[in-house]
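Two complexes follow with chain A in common, the first pairing it with chain B and the second with chain C.
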Partner chain A sequence: MSAEPTLTETARVGDPSDLPPGGSGRTPARRGIRIPRKLWLPWLLLTPALGVLGVLLLYPLYRVGALSLQEYRLRNIVTGEVEWLGIDNYREVLTDPLLWKVAFPNTAVFAVVNVALTVVVGTLIALLLARVGPWTRGLLTSAIMAAWAVPAVTGTYVWVFLFDSRAGLVMHVLGDLGLVDPDTTNWFTERLPFYGIATLNVVHHGFPFVAITVLAGLMTLSREVMEAAIIDGANAWQRFWYVTVPLLKPVFAVVTILSTIWDFKVFTQIYLMPGGDGANRDVLNLGTWSYITAISQNNFGLGAAIAVLLTLLLLAITGVYLRVLFRQEEL
Partner chain B sequence: MRVRRLAVGLAAIGLLAAACGDNSSENNNFANSGDDKISAKGETLSVWIMEGTNPDAKPFFKDVAAAFKEETGATLKVQYVPWADAHDKFVKSIAGDTTPDVAEVGTTWTPEFADVGALLDLSRQVEDAQLGGDLVDGLVEAGTVDGSLYGMPWYAGVRSVIYRTDVFEKAGVEPPTTWDEFVTVGEKIKAENPDMITFPVPGDSEYGVYPFVWGAGGDIATQDGDSWKATIDSAEAQEGISFYTDLALEHGFSTPAATTWDEADTSDAFSRGEVAMTIAGNWTPGALIEANPELEGKIGAFPIPGKDSGVSPSFLGGSHLSVFQTAENPDLAWAFVRLMSQGDFAAQWGDESGFFPGSKSLLEKAQAEDDPLVAPFAEQIVEGGKSVPVTPLYGQVQGKKTVSAMLQSILSGDATVAEASEQAATEMDDVFAQGG
Partner chain C sequence: MSTIAGHRTISGRVWTAVAVVAVLLFSLFPVLVMVSTALDARANAGERNLLPTDFSLDNFSFVLDEGGFTTYLRNSIIVALATVLISALIALLASVAVSRFKFRFRTAVLMMILIVQMVPLEALVIPLFLQAKSLNLLDHLFGLVIVYVAFSLPFAIWTLRGFVAAIPLEIEEAAYVDGASWPRMFWSVLLPLCAPGLVATSVFSFITAWNEFIFAITFLDDESKYTVAAGLRQFFTQYGTNWGAVMAGSTLITVPVMLFFVAVQRRLSSGLVAGAVKG
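Showing the complex of A and B:
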């Protein structure tokens, strides 16, 4: 708690009564600061980070893990009694057809498609931004930032409204063109259109990050390399694929991994769409399924088990991805 | 170092568990008799009230706060919670021990929260204040768990059909009194107003289908001793579900958009003037006119017709006022509950919100007024007010959106009535079997 003051006070003053009680008290503060400092200073400097990590990350992780092995409902919260189940929750989730037919495919396919689209669209925009003049770039960047800055909740409602069956702009335009019949269409009831709209929403919200990051990478590439490639007779596609992409591999690694994490655990954008809160079972994904099980049905143990599975899945995919990446690096 | 951190962590968890353990409910939380006046100068009472019940609740609670301050000296802090988020918010706050002192609790949630020990038993306070005899029976029943009252009846509401009087007049039809008439009337309205939604069948509104399940002689689930068994797939229930969903699928009274609508969406469409008739609560007309003043004088109501005669039962809902076990001063909390649920404030709340008060004497007064937007609902309450299964387990069924999922899959053509209702029954039985 009093980490920073301790540091300056012990260094400056040297009156032991100024020392706060606790861990740092055992360091000889009066004299000979130099030697013990090596021992306590790193820990002292790490304390805020460790404290934050411990409270925000490690404890919740432990708690979710423990919950997933328990029968834990509202009653247990209030009474404090704990009922250990072993792996029953996992067995229930893993044998539920909902997992294999609905939640897992929805999560995985959605993530793969969205990561690919986000990275491709973001990269194309970045390439465009790298070509235009500084004024246009400033203008376009601001516009992109606006898409990024819109909160997920607001963005989702806007997309839902655009595709609304009766009042939505998209339905009106397509209806006037005779492409769909607004009187018989509701896009939110079927899996594909539902996730199509969610994809527009998520890609629209996610591509600015990719664009800005890739643009930053593009700006660091030296002109000489490109010129050399041009002299060697490489066309635009070859220059991009054989020069830019390998050079920017670390950047692509970061944006792909982050997008993967975000798109796998997508929740808000699905939950807030019509039927996404559990009324339409076809569109559940792991995130909404976990939330509905834990919070709406107060079955916190089972919900935690789903959440743990989602986390493991994410870790596995990120792990495989990193391995592939590093192996290529070595070659 | 690592070991020590682990030890500290474990100790903290232990403390937390111990602290939670202390919260198990005891009966004697109140120091005073339920009839006593109390003085609590300088204290603050936190209260959650559901948003939207009373279209303009702020002036009302300003008056309540003033009266409360005068009576007890304490300050009232009201927080408005939207219905849609309320259940999650309650659950999270019970889990985090951050519940308010008093809250408006939907009648179907009271057994659930009481069952886990989050609410205080109000039976003795009610007895002390001699209020028991005047409370509306249905609300007392919904708030009673193992013989103890955990929710003070505050107000009651019921759903019937509201309709556009101008549209009915133009089509030359009268409110229907049987299911067959309902279809005939609908067809005439549809022919006259092809651009309007004759009668939306919203997929995400379980309270819309229950009247037809009950009206056909079916039930959602029945109790046998301590256990419950789903009956939503019985022949009678299926007949009701078929009739209801066929209003959309066969007769085209609804719109595909409604497949994913909830009641709020239906109300929005009605207030935009797009709907000829719809199932709606007795509390909605005020808000609809507020949203679109042009509807003033054009809204009527009729009880949901019985299959061949009479009235199809409709869910009798409403709200309790409950004192949470986290209340710092339970007596102060009770003083507020008493102030709100009785006398002038209860009557005023009923007038402003369009709900029926939870006290019999006030309810009778409201019924006696021959208001066209009150009388049909009063008739619905008296002749056909019914409850969903009174068990915390049914709260879980509702959390799982079992009935909404059933309706949506029928309306979107993914399942037949038989398939969808059997699926729903299986889900319900799973929840009933697992227990709380």
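Showing the complex of A and C:
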């Protein structure tokens, strides 16, 4: 945002065209002569959007911050009393071993692993899409779109069903092969297999965005660059690593950071798995912990404090995202 | 890249074919399991096969009649269509403002729109639940609609911005020369030219509303108001899970969205690229 002209005057973006004055729309516009500066028009157009975002996103954000400093339970809803606690809720969360041993690792390690897998799988599939013929590409793109369209709720149920200890296909196959004993195995009770299944689910849900976006980036690369690399004797790996990756760096930055944000706040895919709704405290992540504390246990203040910590974590990542975007081009 | 393809060896071709099949299987496997279990009358008998052993539509009729999915589907359609219409209109107006005008705080507005996208729903559900409770909006579909409009707006504005910016100013000027006022120009020039962008953002708003789960289970207590995502939970009981019904309900939720997605895939990916790649 370096070269913006004086912002006190409202001029149109782009060339010296102008708007006709409000009432007399009949007069033909003379280019660049009369510039009626309708200062209010953009704000009028923005009012509904800003109103909705303000009431439903910004005010609730303020409210969750305020709640996190209060003791707020069912009786406070009834009486409307406000009991300020200061930072007691935060002290409780930050000294709870559940945060450091369970919820934070379940959030951060899970996100890092899933982002890496999603970006690698998505990129490999994009490279595949770029080298097959148009018919195969159309077929694969349709299949990927179909995978993308599976809602998180129903997708999660399918993965739970596949790994279910009694009904699951995977359990049956492995049981028939003698690899596991279906009567004593339950993958959902332990943290590692639980999050392993969640990883399959989240990667399956997230790779289409990466594949389609990276493919769009690959299509913008000029053929000449690749041909030059071939003539210089670069093999496929060298062409990818020294030509494609540097040229598509902005695309990779965007898909990585967006995936990071999505995977940090994953909720549905965890909450809907057996035990994910709070019954098994070993598999809580920051999102489900906050929700269960506030909505299921009616401890709104404490739940809000956990939610604020998750939001701050995400804002820090968003800061990185914005810096990458602004380095790319002006808004 | 066709010249590069020409250099490929036979083993390269075989690997490509293997990779194509693997991607197809990985992409479609969950949907295949879902649909085949839904069509299997013996889904709960404990036998697991990839294809239905006893083909029937019993699970679907059970879900639609006794499972109440006729009501849930209707609720979901109402909520999703209302969300699409309201958010498309609001987002288009806002995206015209940020891409056609320069004004004080324009950058701040854009930053705000980007940042609010990152706010986790888990943080918003607590205050909005308390808010809806005090306004008696719990168990009202309208309460869900306004929440979903708010969630789909940032992405819609961000994506439409690229489409509006791509419309040449000369076309707008031509409308003024012909004597159009600003609203007339908006209606007859900007709106039709943004149609592809509106398709892409509408699909996303629709999906946001159709798939949303946290607010649906938090706001809705009355079964007659359930949306499809909330309605599926009833098949999980303490006595066990009716997997045939879960998968039939899941199929009813998933397949329409999926056909929709595949049908508009070209516009969708160009819309995404405008939003994601061009930032």
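Assorted remarks:
In this section, the second predicted complex is superposed on the first by the 278 of 331 C-alpha atoms of A that agree within 3 Å, B and C clash if a C-alpha of one lies under 4 Å from a C-alpha of the other, contacts with A are read in each partner's own complex, and residues count from 1 in each chain.
The working rule: a residue touches a chain if its C-beta (ideal position, glycine included) is under 8 Å from a C-beta of that chain, and two chains touch if they have at least 3 such contacts.
This structure is a prediction, so every number in the text was calculated from the model and none was measured.
Counting the residues of chain A touched by each of chain B and chain C gives the higher count for C.
Judged by the touch definition given at the top, the superposed model places A:317 against chain C, while chain B stays out of reach. By the document's definition of touching, of the two partners only chain B reaches A:275; chain C does not. By the touch criterion defined above, A:308 lies against chain C but remains apart from chain B after alignment on the C-alpha atoms of chain A.
Legend: residue contacts after superposition of the two complexes on their common chain; A:154 is shown touching chain C, with no touch to chain B. Once the two complexes are laid over each other on the shared chain, residue contacts for A:96 go to neither chain B nor chain C.
Contact with neither chain B nor chain C is seen for A:88 once the two complexes are overlaid on the shared chain. By the touch criterion stated above, A:292 is placed in contact with chain B alone, chain C being left untouched.
In the superposition on chain A, contact is made by A:166 with both chain B and chain C.
Comparing which residues of chain A touch chain B with which touch chain C, the overlap comprises 43, 59, 77, 164, 166, 295, 300.
Against chain C, in their complex, chain A makes its touches with residues 1, 4-5, 7-8, 10-15, 17, 19-20, 22, 25-26, 28-29, 31, 39, 41-43, 45-46, 48-50, 52-53, 55-61, 63-64, 67, 77, 125, 128, 130-132, 136, 139-155, 157-159, 161-162, 164, 166-169, 172-173, 204, 208-209, 212-213, 216-217, 223, 226-227, 230, 250-251, 254-255, 258, 261, 264-265, 267-268, 271-272, 286-288, 290-291, 294-295, 300, 303-304, 307-308, 310-311, 314-315, 317-318, 321-322, 325, 328-329, 331.
Taken together, the chain A residues at the contact with chain B in this complex read 43, 54, 59, 62, 73-75, 77-82, 164-166, 183-186, 188-190, 274-275, 277-282, 292, 295-300. Interface of chain C with chain A (complex): residues 1, 3-5, 7, 16, 19-20, 23-24, 26-28, 30-31, 33-34, 37, 44, 46, 48, 50, 89-91, 93-94, 96-104, 106-107, 109-116, 118-131, 133-134, 146-147, 149-150, 153-154, 157, 169, 172-173, 176-177, 179-182, 184, 207, 210-211, 213-214, 218, 229, 232, 241, 243, 246-247, 250, 253-254, 257-258, 260-262, 265, 268-269, 272-273, 276-279.
Taken together, the chain B residues at the contact with chain A in this complex read 1, 5, 9, 17-21, 23-24, 87-88, 91-92, 94-95, 112-113, 115-118, 203-204, 255-257, 259-261, 269, 274, 395-396, 399-401, 404-405, 408-409, 411-412, 414, 431, 436.
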